[in-house]
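Chains here go by letter, A, B, C and D, matching the order in which they are written, and residues are numbered from 1 within each.
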Amino acid sequence: MKNKISIKITSKKLNMQTCYDLVSDDSSGGIAFFVGTVRNITKGKTVNQLDFSSYETMAEKEMKKIALQTFKKYDIIKIAIHHAVGELQIGDIPVIIAVSSAHRGAAFDACQYTIDTLKQTVPIWKKEHFDDGEVWVNTHP
Amino acid sequence: MKNKISIKITSKKLNMQTCYDLVSDDSSGGIAFFVGTVRNITKGKTVNQLDFSSYETMAEKEMKKIALQTFKKYDIIKIAIHHAVGELQIGDIPVIIAVSSAHRGAAFDACQYTIDTLKQTVPIWKKEHFDDGEVWVNTHP
Amino acid sequence: MKIRTLFFGIAKDIVGHSSKIIELKKKTTIGQFQVYLTEEYIDLKGVNNFAFAVNEEYATSDHQINENDTVAVIPPVSGG
Amino acid sequence: MKIRTLFFGIAKDIVGHSSKIIELKKKTTIGQFQVYLTEEYIDLKGVNNFAFAVNEEYATSDHQINENDTVAVIPPVSGG
């Protein structure tokens, strides 16, 4: 299983080609990706900058759990789950998920399951900076 | 609609970053990609090289039809459908589909619909070269 | 009636041309044209059902071909 | 009983530390620990339901905390 799962939390820029190379496989029929985008407007206000922070050791464990669950649920070949932390500028990529499978339906399903679950369980937090202050996303009713 | 749809058939290498830039949008919640992979084994035989050829003008029309259908069926923001033609080496990418949407579920569904339909309707043909000959994929029972 | 005919994929390999002007004596449907082609190029019979396009749009076998139409022979596609 | 407590996200901003050793007098569950923390740091009450992890695993409110455990306060996550 070791070279079938790539988990990364990094303060460097995420790279789609790196993820492609990690999950690409001779028996793959194709690769499904989810690539996060940083919006520059939240609720009508301009976001100047974003900070992502994580409970890194636990986040990696949770990401690995998701990867293992994904292998149980779907017929996939390899998966990469990479998340950026630190200061992100507008246009930077916070998350990339890449999944290869012999059957593209399974690749799509697994990719969607992974991002949905990551957003619910992985201890990573996003703070948005505006001209008039800053907000931890999701923290207030 | 013009700057929401990018259709390309090219003999140059396809580029994920180019597709990302084309569909990335301020209001996007994320981007779903499908990236084709060239297998180096078909039915147990080693593929040395692939040739993709197309009925280019019609293929572009069919790809545009798919893009427009996708906008009708799903709540998406932008779509890119890029296909390579000519001689591809193992490791080259034959097709990239990228879809942005405010809702990632719609992006995944639209991306999957697009690749499924492309494989059925777009006049592009793949020829595989082996040590002992060559085969037009799908042409014989 | 002159028809510009395009051959792609395996059809091009079988026929030996990518394009040919074919002269038809009478009004012809795509279905009749297919019969004509498979008689002329017997190896086309070995290919899985192929489709036709008239002026870059898929056409069914009852489609009537007109003077100066461009008819394309579309073997099973395998893009993606 | 000494508990290493980690604070993340908005909890870190409210508490003013990312990590603190907290001394507990008796056996404590996560639920009781949460009550203690919200009394100590009143602003934590304004935050949407936060979760806890014990030794890097999510823990429910009836989970018993043991000596030398690392307890993390996990505000609503917002990765992806």
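We adopt the following convention: a contact is a pair of C-beta atoms (placed from the backbone, for glycine too) under 8 Å apart; a residue touches a chain by one contact, two chains touch by 3 or more.
Values in this document were obtained by computation on a predicted structure and should not be read as measured data.
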{"item": "Graph distance between chain A and chain C, where chains that touch are linked", "value": "2"}
{"item": "Chain whose average C-alpha position is farthest from chain B's own", "value": "D"}
{"item": "Chain centre separation in whole Å, for chain C relative to chain B (CA means)", "value": "26"}
{"item": "Whole-Å separation of chain centres (CA-atom averages), chain B against chain D", "value": "48"}
{"item": "Between chain C and chain D, centroid-to-centroid distance (C-alpha), Å", "value": "73"}
{"item": "Multi-chain contact residues (two or more partners), chain A", "value": "30, 36, 115"}
{"item": "Chain D: positions in contact with at least two other chains", "value": "80"}
{"item": "In contact (per the touch rule at the top): chain pairs", "value": "A-B, A-D, B-C"}
{"item": "Residues of chain A defined as touching chain B within the complex", "value": "16-17, 20, 24-37, 39-41, 91, 100, 104-105, 107-108, 111-112, 115"}
{"item": "In the complex with chain B, residue positions of chain C that touch it", "value": "6, 8-10, 13, 46-48, 53, 56-58, 72, 74-80"}
{"item": "Contact footprint of chain D on chain A as seen in their complex", "value": "36, 52-55, 57-59, 61, 83, 94-95, 115, 118-127, 136-141"}
